[in-house]
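Presented sequentially are two complexes of chain A, the first with chain B as partner and the second with chain C.
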Partner chain A sequence: MNLKSLFRLIIWELEENWSFPILEIVISAAIFSILNQPITHLEFETRYRNLISNMGITHLILILIVGAVFSRSFAGSLSRGEVKTLLSYPIKRWILFLSKFYTNFIVIFAVYVAVFSLHIPLLALSPFEPIFYVLLTSLLLHLMLLCAVAIFLSLMIKNEIISFLASILLPLGLEVIAGNDKFLSFYGRFELFFNYFEQLTRGRLPEIAFQDVVLVISLPIFISVLLFTLSFIYFSNMQVD
Partner chain B sequence: MGAPIISTRELVKYFGNTAALQGLNLNVPCGISGFIGPNGAGKTTTINILLGLLKPDYGEATVFGLDCWRESFKIRRRVGVLHENNAYPGNFTGIRFLEHVANIYGFAQAKKRAKEILSEVGLSEAADKPIKAYSAGMRQRLGLAQALIGDPDLVILDEPTANIDPLGRILLLDKIKEIHSSRGTSFLISTHILPELEKICSWVSIINKGRIVDQGYVRDLSAKYSANIYRIEVSNPHLLADRIREMEIVEEVWVEGENVYCRVKDLNRFYGEIPKIIADLNLQLRSFQYMRSSLEEVYREAFSWRVKADES
Partner chain C sequence: MRKLLRLGVIFLVIGLSLLLTTALRGSPIYIQPIKLTITPHEWVMLNPQLWMPRSIKLSLFSISEIDVYILDEYGINAWCEEKRLTSIFTLNGVKQSTLELQLNERGKYAILIHNPSDLHLDVYISITLYMLEKDLLSASIALTTMGIIAIITSKILPRYATRGM
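What follows is the complex of A and B.
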């Protein structure tokens, strides 16, 4: 019963928030950010490095997309009164929360995976190369973190435009403060993660400490889970006026 | 009054330092009930608490005996609601929106149910139009449709006649009356338009500043807050008026056409003496009517009673 309700609400969310031209804009932005990159590594051994050469732009566009989509879905529907209408039907709050999160998270990730996969034919890469999936995992972790931040801010602020701005400015501000720190900055984490697994898949002994990799993986997961749990609890007990 | 379907006890709700409800004791029986009060009286806050959208700071609220905060899911299965300024997904068509709502209520044939209810509220022709293209009246009818789609036992309507033209209001209230008689659905209607509400509701709860001013069956309240006015139609009204003026129990007498109107202090004494006076004067009595107070008068009187009570 709960699964059925979740599925119905996912369809509702898809039709409401991903109708023309939202999906088209997100696909265009993903293509621009992922495929618009210089090919600097032509050797067979290092050509996977091309995949991360443009990560700064990918990161920036991802922040914009996540901020816009989640602010519209959470803060926007709260301020427009759509959440109030939905919660007046026999819908459990946690199901509504999860349906909003799953729909937007899955669509954004699916778009990015689809666009990222275009590298396979364009750069003549192998689809069975583990480093390709390592990169996708890294993108997934980062997307999770941005989504958790955007949901948390949307629920706290409850105003679509302000929460959109906050969802952009906060991660960017933190990124500036973090500089090139290998744990705190997105690019630092991404490079460390990539280098470790690149060395591993090339059969070399990694120069990077395993503990560092664990920290790079667990830090975004921990913050995401924390913010997600807080948002979930807040949404389940929120006063809807 | 039988067992109330809605009951609140000493309900208190604050928004910051502002008290929206200050010990609200609301009781609503089965049937069509009115929930009236000035702007900011706490009507919408009460409705939001009844639906589990807001948590009261103190007190209890139950619908069908179920706790409004802890068991709100069970309540919402049995209650349909049309909020004031109900929000709709604008890019949905009317039929698609109702199909989604029917799916939420678990209808196996959601589209069929959506079509049925659209036809019931007279929106079949606009079924495939996007909701953002609907007029205010069409939106209200769509709101009524989504409130009724789950075949609820109780429908709560917050300002259902707002933004609707007079004919639309009459049609909407007729529809409510018809649904109540055919299905036995109870309604709680919050509105400012009392003359129209009076035509369909049997119970009324009057709220002001987060407290119940008075509540009861309309006929009882009408008698309670009656201005004690009689209308007597006789062959010679001026002669009767002169005689009635001499009575101590009469406050005021006036003549309009063939009718004598009098405001009396003691209803029973007046009722006993007036046939004798008419017989003495050898007048022909054509009609004798006790003037029942309208809901607007009840509302006004109830407020003035409350003000006097508060002052004393």
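What follows is the complex of A and C.
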């Protein structure tokens, strides 16, 4: 029964939140941000390095997309009274929360994976190139963190526009403050993670400590889970008006 | 019909985005000039590179005549494994030349140089890749066309369906 409700809510969320032109804008933004740079690393053995040549813009666009989509889905539906209407039906709050999270998270991740996959033919890479999957894992961790931040802010602020601005400005501000810190900034974490697995997959002994990699992976997971749990508890108990 | 229309719009958006991306990626790439010193009668193969289906301008300068061969992946393997020469482009007896190539396939390519003379030669090579990537351009045009066809079909089919009734 719960699974059926979840599935129906996911379809409702898809129709409501991903209608024309939201999906089209997200696809277009993902294509521009990931593929707009010409191939510059022409050495055949190191051509996979082109995968990361555009990570700065990709990161920026991802923050914008996540901020817009999650603010619209959570804060927007609260301010428009959609959540109140939905909760007047026999729907459990945690199912509504999960349906919103799953739908938006899966669609954004699927679009990014699909666009990143275009790099495989464009860079003449093997579909089993480990660096490609390292990049996707890094993207997944980062997307989880951004989604958790955006959901938390949307539920706290409950105003679509302000929560959208906060979801963009907070990660960008933290990024500026953190500079190139290898744990706090996205680019620092990404570089450490990428370099470690690059050395590992190219048959070199990694110069980066394994503990650093564990920290780089566990830090976004820990913050995501914490914010997600807080948001979940808050959504389950909050007054909807 | 609404689903077909949406699918058409998505294809159109992907196609147009790729088209614009192809234009952005079309800026010329200049590879740092390479200087080689080749001993008499030596064969030198430069490190294989990833070349896109773009136009390639290869400028060569040498004090004496050299032979230049462009090898694709098959040619590279044939040369490395059996020392068999299978090139896609050959230029014999050049001292100073600029050649332009139109590649049709993306992949691994390498430049092989032979010094047939009895002299130690300094050879300078510079490579420029320019024009649009043909495969990406074809894919974006195909997706845009598919999108337009799907949109038109979704608009035309209901009229016929109504007439049929």
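Keep this in mind: the second predicted complex is superposed on the first by the 240 of 241 C-alpha atoms of A that agree within 3 Å, B and C clash if a C-alpha of one lies under 4 Å from a C-alpha of the other, contacts with A are read in each partner's own complex, and residues count from 1 in each chain.
The criterion applied here is as follows: a contact is a pair of C-beta atoms (placed from the backbone, for glycine too) under 8 Å apart; a residue touches a chain by one contact, two chains touch by 3 or more.
Remember, predicted model here, so these are calculated numbers, not experimental data.
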| item | value |
| --- | --- |
| Three-chain arrangement built on chain A, chain B and chain C clash or fit | fit |
| First (chain B), second (chain C), both or neither touched by A:Glu207 | neither |
| Partner chain(s) touched by A:Lys92 [first = chain B, second = chain C, both, neither] | first |
| Contacts of A:Glu16 with chain B and chain C, given as first, second, both or neither | first |
| Which of chain B and chain C A:Ile39 touches, first, second, both or neither | second |
| Chain B versus chain C as contact partner of A:Ala124, first or second or both or neither | second |
| Overlay on chain A, chain C to chain B nearest C-alpha distance, Å | 12 |
| Contact residues common to both interfaces of chain A (with chain B and with chain C) | none |
| Contact set on chain C toward chain A in their complex | 6, 9-10, 13-14, 16-18, 20-21, 24-27, 29, 31, 47-52, 106-108, 135-136 |
| Parts of chain A lying in touch with chain B, wherever the complex brings them together | 5, 8-9, 11-12, 15-16, 19, 80-82, 84-85, 87-92, 237, 239-241 |
| Residues of chain B defined as touching chain A within the complex | 15, 45, 48, 51-55, 73, 76-77, 81, 83, 85-89, 91-92, 96, 100-101, 103-105, 150 |
| Complex contact set, residues of chain A against chain C | 20, 23-24, 27-28, 31-32, 35-40, 42-45, 47, 121-124 |
